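Here it is, the structure in full.
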Amino acid sequence: MAARLSEHRYRRRVQFAEVDAARIAHFSHFFRYMEEAEHAMWREAGLSIAARDDGFGYVRVGASFEYHAPLHFEDECDVHLRIVKITRASMAYACAVTRGDERIATGAMTIVCTTRGADGRRVSAPIPADVRDRFDIAEDGA
Amino acid sequence: MAARLSEHRYRRRVQFAEVDAARIAHFSHFFRYMEEAEHAMWREAGLSIAARDDGFGYVRVGASFEYHAPLHFEDECDVHLRIVKITRASMAYACAVTRGDERIATGAMTIVCTTRGADGRRVSAPIPADVRDRFDIAEDGA
Amino acid sequence: MAARLSEHRYRRRVQFAEVDAARIAHFSHFFRYMEEAEHAMWREAGLSIAARDDGFGYVRVGASFEYHAPLHFEDECDVHLRIVKITRASMAYACAVTRGDERIATGAMTIVCTTRGADGRRVSAPIPADVRDRFDIAEDGA
Amino acid sequence: MAARLSEHRYRRRVQFAEVDAARIAHFSHFFRYMEEAEHAMWREAGLSIAARDDGFGYVRVGASFEYHAPLHFEDECDVHLRIVKITRASMAYACAVTRGDERIATGAMTIVCTTRGADGRRVSAPIPADVRDRFDIAEDGA
């Protein structure tokens, strides 16, 4: 069986439309970079994070970034995502954005597995085994 | 019965995240401004353009803009949308973006009414009467 | 002299392009709503947050959101921004997004005043007096 | 000397934040895909389209798309950009977005070379020779 994944490195180039009037990548785009890295990790695990026909879907309950240095147009950055916690219904990621050796930003994001309740609203639910079995916690901090 | 609508004026302020590295509103955002004006017109008509439970939905088949002058951060512009054509299954809009007396951009957009075919794909369908009865073609160019 | 501002309420409608495949406002857009509220507060204070000719500009050093309930297409929400801390070179905001009485999301954001250093890089600098004199800390939580 | 470029193929995966409430890539994002392909072509030519210190910059004067079929979350598409016209101060592109053999969308975009006039406004200017010498018109249609 394939090894469980606990981290993923995603390379991303800053696009023109993502740069704001201060000529740096707008701070809101880091959240998209982090999510793109997450979805790339899920694809590497043979999964898609999109809502499934059986109703399971993943909602974000928290997200944050601290910004250390700016990214500019056409910069290439590495988005390093690590799983830092897995509970019955949730997963938490830590994220480091770097450009070469330079630390650009540090992020975090928590998702909760949900399914549709009787009234159609999403309620938290245990992560299905076929998803849970594909992931593990990253061993160390960094 | 309420009068049919054939045009709508929508006021929009340019936000920081919409301004690009050249310090002007990124050209892709004009398409969002035009769509926001469309949805505001539909709301004024007592409708929502969101896909309905009965399967009807509206897809864009064409969109264009010509740009005459730039918009900057915090500029307020007027997005003037007019219906220029209605067929059995489609509607075409013309759009003028202005800032005061200054002509900023001129756009066009065509939407097609669709419903879900047997295979789940969207196929064109006559605009439902309760929607069609709310709109009319704008009388003149301008 | 005009009263100092310590909070701002900004009403925002969720637009179609902001809603993701899960049919809720994408989590990254909350950061734009929070920033739009901030810039609206600065405009109400007679200021613009855009970089000035004298080199002063404001960079974000941290931003976070916790999400309690989703926003849907065409929902109107209130973005309530409050200043919770002002230091020599920084300001920190707390943000509550609500829809009617319902709590949707809770955010925070910190900005730092900067000017251009000798090498062109931004370095932190005291908030200019004409800006500092327009703001104050909000008295209580809520 | 390096061969002149007249076309570029750019592969792009549809990201979650780009998919709208109809569960397809929002029509405005095609304009970003087309621009990303353009900037990738300029990079391949050893250039950057960003405004230069000497004042030259490129503004978009027109952009359009016709949509034939939708793109979904995680789809990979090819954005094929071709130069169809070069004048003293402008370049025009044609763009075809495909997914495998399937035709998804057909676009066009025209940019104009500008420099800063005496009043700071952008005025059209001849494309600098070092840029002009890197590009040529694509030989045939499709």
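Of note:
Order as written gives the chain letters A, B, C and D; numbering starts at 1 within each chain.
Here is the rule we go by: a residue touches a chain if its C-beta (ideal position, glycine included) is under 8 Å from a C-beta of that chain, and two chains touch if they have at least 3 such contacts.
Keep in mind it's a predicted model, so treat the numbers as computed, not measured.
Between C-D and B-D, more contacting C-beta pairs join the chains of B-D.
Seen from the Cα centre of chain B, the chain whose own Cα centre is farthest off is A. Chain D has its Cα centroid 29 Å from the Cα centroid of chain A.
Computed from the mean C-alpha positions, the centre of chain C lies at a distance of 33 Å from the centre of chain D.
Centre-to-centre spacing of chain B and chain D amounts to 24 Å, using the average Cα coordinate of each chain.
In chain C, the residues that touch at least two other chains are 16-17, 21, 28, 32, 35, 50, 73.
Chain C meets chain B in the complex at residues 15-17, 32, 35-36, 39, 43, 48-50, 73-74. Listing the residues of chain C that touch chain A in their complex gives 21-22, 24, 27-29, 31-32, 35, 50-51, 57, 59-67, 70, 122.
Of all residues in chain A, only 16-17, 19-21, 23, 26, 28, 73 touch chain B in the complex they form.
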